[in-house]
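Below: a set of structures, written as structure tokens.
Okay, so chain A shows up in both of these, paired with chain B first and chain C after.
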Partner chain A sequence: MSHNQSAAQGAVKAFHPRVQEAINNPQIRANFRKAMDGLMDKRLAAFPQDDELQQLRDLAAAIRLRALSKLPELLERLEANLTANGVKVHWAENGDQACQIILDICQQKNAKSVIKGKSMVSEEMELNHYLEKHNIEALESDLGEYIVQLAEETPSHIIMPAIHKNTDQISDLMHDKTGTKRSRDVEYLTAEARQQLRERFEKADIGVSGVNFAVAETGTLCLVENEGNGRLTTTVPPVHIAVTGIEKVVENLEDVTPLLSLLTRSATGQHITTYFNMISSPRKEGELDGPEEVHLVLVDSGRSNIYQDDELLDTLRCIRCGACMNHCPVYTRIGGHAYGYTYPGPIGKILMPHLAGLDDAKDLPSASSLCGACGEVCPVRIPIPKLLVRLREEAVAGDSQHNDSGVKGRGSKRSTSESLIWKSWAGMHKSGGLYRAGTGAATVFRALMPNKIGAWTKCRTAPKLAASTLHQQVKARGKNGGES
Partner chain B sequence: MSSIKLYPPKPEKVYFFGTCLVDMFYPDAGMAGIQLLEREGIEVIFPQDQTCCGQPAYTSGFHDQAREVAAAQLTLFPQDYPVVLPSGSCAGMMREHYPELFTGQPEEALAKNVANRVYELTEFLMHVCHIRLEDKGEPVKVAMHTSCSARREMGLGDVGPALLGQLDNVELVEQARIKECCGFGGAFSVRHPEISEAMVTDKVEAIDATGADSMITSDCGCMMNITGAAEHMKKDFKGEHIASFLWRRCHES
Partner chain C sequence: MSARDAILNRLRNRRDGELTAPVSDFSVVEAKQWSVSDRVDLFQQKIESVHAEVHRVSQTDWLDKLKALVQAKGLNNLLVPQKAQVGVDIRQQWSDDLPELLSYGQPIEGWKAELFSGVDGAVTDVRSAIAETGSLVLWPDNDQPRLMSLVPPVHFAIVDADQLKNTFHEVIRSEGWVNQGMPTNALLISGPSKTADIEQTLAYGVHGPKELIVLIRQ
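Moving on to the complex of A and B:
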């Protein structure tokens, strides 16, 4: 990689400095460790019977695969049924288009104030920023999102956006930004925030929410939440705009039940959330509440590109429970912000390279020890470690069989020096004689990482080469070691 | 683990694939593995042309090179004997990833054939040999670290502790967050040294907190990582490959 390249990309989202900063921050380390330990315990307690869990995962994976296998058809059915129900459906190729669609609706309605339920897709397209640039206020109503917005930050977790902050930090923040009395009483802080938000709901012109499952058969938008802010966002303002990625569609209502059960238990260990909203239409004649208009914005943003590849397609099974990050030893150490992208953790590492391009997200796929904890807990059995390896291959264009894969940024991480090292490694290791002569990989390992042996010995003693290799020791015994 | 594995009866002969880390850094673990198999009455064949399973190139994304090296290994096991490896990680590479790596290639059938015969050493000793161990060593307190590949890819989380459980004078203690990765991950440890350091430091502290005299593991990557960090942190516990440990315990007087 040239210096220019590294400087240009480094200026925007340098991965290593972010990581180092997070790791050196004891507050971040402690907050995430404590929170992730708690979430892992809760998930475990929510699945007392492993058999049931594994069967449910099989079922959920099959449901998601079935939906993806006929995604174009289901999206058309979804659109037709929503339209028949009176919901307006919009298609956006990318985040900018989606922002423009939402802005257009806002402007048609003369909207000055938008209240938002939690939506990661809206984070992905930086909707708040976009609306504010056009003098429309966007206020987050999910408690975690509200805190993050007060702090002028981004979510550090897809389910719990403010999980990087402890109670004291939240108390200080609310005190400084809203004048709330400092307190360690979570109930009190929550009640204060609710009060502050409640007033804003009344004034909001438009509500924007995400979608957990979009049911094609019935034209129903399902929204899972705990705080009631999703219900308010989608019912109080006169206009509701739901925004979601195109992969969130499922075929029918029966499909929702197992997915919902897995989603809430995998995410927070809850058997059911406090609210589960099913939105099928705007307010009908004679109904007392609900929005007069409902819109759905379906966002692609690189998703259909993933769809072309049988293996990478599995990325789109995701139901956004966050269990992969809760169980990730890397995420636990560095937190969500260090990744530098909307979706952190294991799912971010396999999704962001498609959304942002591998040239941009080049450090993500390698930032994993491939321990497999993510794949083990994924409720829809996404083979995350396998996809990480695939993306590492894409990054260096290391498999000639995938040369036409179409992955954005394929080969962008390939360097002549690393390619040469692996070629010489292969040369030495495909011949037993050459390997034995060279005492193998030790030599190559040093050549591979000439400036990185320091990275190993910074916190470890250097491994010592044995006086004689296993090859030599077996041969010296003189039985079954020479010939096979 | 992708499917339930049915274990064959104990064979007369096996191939032993030592792995490159064992070959260069821990040959005693390889010798102990061979001797444990021979103690079960099995003839052990060590093909001298073996090098590396190909995993370093594979996980670094250089799949063309991984395939070249893996293809050379595939030719080393012509008879229908099991292939035994003293590493969950390398065994996982051969069993789980060789078939994928060779899909659509001339070696596809051979890769599947070999993959189906691959066993991690402790798995083979327990489930195929039904080994019985008699402890001849002094009382000792040990912690076991099972590699993530052995635990998750190969489904062998219970095997190491079960074998240690056969040793009367060995007290097995459990460190906090026992299933968490030690932070090795091959090239991950040098590509992302900050994260790897944070992980291995926590792992060493957790093991040290148990008061164990030794940390036993079935993977030399984890061992190099954990014991290297423990030495650096001036902790008292030592690391030992489970094959060396089992062999030593059965032969100490």
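Moving on to the complex of A and C:
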């Protein structure tokens, strides 16, 4: 999907060793455990009335489904309204095209420095690397993103990018990279970062941001944030480029109100974020600040493919709150980086196989215990566990299942021997005679069962078959008088 | 084919056929109503919970409170609107022993460095405010531009109690945002700028104001 796909593929090949490494790292385990426990408590406290939460979830799911049901019309309406407001709209089939569009704007403006508000889509398309390759500096201004960029890492959480680091690690990093004092005083570290970034905001040629909701009805781009870096990014530089996936559109302005309420409460337990920033046009005549030019780049990158299928479509409802990862027992233990993809956790497991292809991301749908917590907390009721099972089926699909599902890399995990085993298994269970003969033979030869069965026995003992089958035992019991 | 047409084509020729839109029942949002006095209490409780400082004042003594706060906080100057009534009132009743009053009198390009490092505080009015979430609603304009409530480290917002609405939904509906057309920028502000990006420890003033001070005029 992107020019750096080879790097991502490298990461996937190392999925299991990465997971092992993360599990064995007490620092990662402690940082994530502490953070996720806190976030779960905060979310719970933000929804004191369960009936309100459930009604809000119904409404939010309906709003997102309504938007998706009219997606092509709404995208055209969004484009028409934004264009009428003076915003230039661009369309990109994939991350590479989106990067190219942004680079073209930068080059037209002779821009040397870009300042960025938080945008997961820009992470997805690896915009920073792309711009840097073309000698344009891209600086992250969200504090967490700034820290991650200083460390030359990627975000480990979609809302809290630097959640994998503790204060000491951040203090050391800022000391090494920016010359601040080593300190555990978070206020000091934050104030230093403010000063460093303010100078950059003043000088930046272009601001790049993401979008939380794009309102078709009014041609309005909405950004949710706490820091104010999003407002600075979209107000101070002479040019603002917003970049978003095509699924982020909503129909009406009033639709954003329940979505905003659920987003902030589900994500961090805040009743609202500090800023909700609604941008509808560039600077108008007589106005004294704001960018002279505003652009919106709409990125597909596989989303229109997900859109084709009634079941998979639900993936596109996501409003990126991150509650699924906060509540995921797997994410909490391995952290965001072990997944090896832009979007970690449950939403990553159902989204990345489409963006990168199941051949690339085949391990993701299986990296789940299917406990169901993600589906229970999802503010727009995405049935994540059901979609995980569907993608597991897609990964091993032969010719019969979901014949033309169109999922990229479908069937890439299918093995001839495994499918043969399951075929025999199915055949045996369909015939009473075969079943009894098979289980009978298995009990006779049970001593031959191997003690080591691949990954299963790495941390478990091998199962042992009983000396007689259930059928034999029940029969024997019946002969002895039939007491139960 | 352009990327635009290709994407729209794929969306229009959906393999599983046309989708139908479910009904959106907004009653859970619309049900949130409070009495006028409860609205003030709720607004104050919510915005204080996110570290804003709230003072209840009257239509006659609010300026005295503002002057006292500006002095107590040791501000050297204050950016004040030129046309909005709050700005006019402040300018009329200010005195020379108080911190200097500044105006956003030119495009940002002409005084960016000064605004970024030389302005200690700013005063704005609000369009309305929201009780449910403790939010200020601002539509920045020529007189009170976007950066006024963002760049100076202290932001004073002057709110009249009768500007308080129940919910954001009510604000959009009752003020007819859609029909009158959206401004360049509309904003909800709920507290001072904050971050919890370092080990979930809250810190204020990371990019925007470190302090948000709300005067509710009753």
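Definition applied: the second predicted complex is superposed on the first by the 414 of 484 C-alpha atoms of A that agree within 3 Å, B and C clash if a C-alpha of one lies under 4 Å from a C-alpha of the other, contacts with A are read in each partner's own complex, and residues count from 1 in each chain.
One rule holds in what follows: a contact is a pair of C-beta atoms (placed from the backbone, for glycine too) under 8 Å apart; a residue touches a chain by one contact, two chains touch by 3 or more.
Predicted, not measured: the structure shown is a model, and the values here were computed from it.
Trainee: Examine A:Arg231 and indicate which partner it touches, taking first as chain B and second as chain C; both and neither are also allowed.
Mentor: Once the two structures are laid over each other on A, A:Arg231 reaches chain C alone.
Trainee: Who does A:Ser431 touch here: chain B (first), chain C (second), both, or neither?
Mentor: Touch partner of A:Ser431: chain B, not chain C.
Trainee: Touch check for A:Glu137: first (chain B), second (chain C), both, or neither?
Mentor: In the superposed model, A:Glu137 contacts neither chain B nor chain C.
Trainee: Does chain A have more residues touched by chain B or by chain C?
Mentor: Comparing chain B with chain C, the partner touching more chain A residues is C.
Trainee: Contact-wise, after the overlay, does A:Glu153 reach chain B, chain C, both or neither (first, second, both, neither)?
Mentor: The answer is neither, since A:Glu153 touches no partner chain.
Trainee: According to the stated criteria, A:Ala466 is in contact with first (chain B), second (chain C), both, or neither; which is it?
Mentor: After superposition on chain A, A:Ala466 lies in contact with chain B alone.
Trainee: Both chain B and chain C contact which residues of chain A?
Mentor: On chain A, the chain B and chain C contacts do not overlap at all.
Trainee: Looking at the complex, which residues from chain A come into contact with chain C?
Mentor: My answer: residues 31, 34-35, 38, 52, 55-56, 58-59, 61-63, 65-66, 68-72, 75-76, 85, 91-93, 97, 141-144, 147, 160-163, 165-167, 170, 186-187, 189-191, 193-194, 197-198, 201-202, 217-220, 226-229, 231-232, 235-236, 246, 252-255, 257-258, 260-261, 268, 270-284, 286-290, 298, 300, 304-305, 307-310, 313, 404, 406.
Trainee: Which residues of chain B touch chain A in their complex?
Mentor: On the chain B side, the touching residues are 15, 18, 20, 22-28, 30-31, 34, 43-52, 54, 56-66, 68-69, 71-72, 76-78, 100, 104, 148-149, 151-153, 179-181, 183-201, 224-225, 228-229, 231-233.
Trainee: In the complex of these two chains, what residues of chain A are touching chain B?
Mentor: Residues 16, 19-20, 23, 29, 329-330, 333-334, 366-373, 375-376, 386, 389, 392-396, 398-401, 419, 422-423, 425-426, 428-433, 435-436, 439-442, 448-449, 452-453, 455-466, 468-475, 480-484.
Trainee: State the interface residues of chain C toward chain A in the complex, per the touch definition above.
Mentor: 2-4, 6-8, 10-12, 14-16, 18-29, 46, 49-50, 104, 106-108, 112-113, 116, 132-135, 141-142, 145-147, 150-151, 167-169, 172-173, 177-178, 181-201, 203, 205-209
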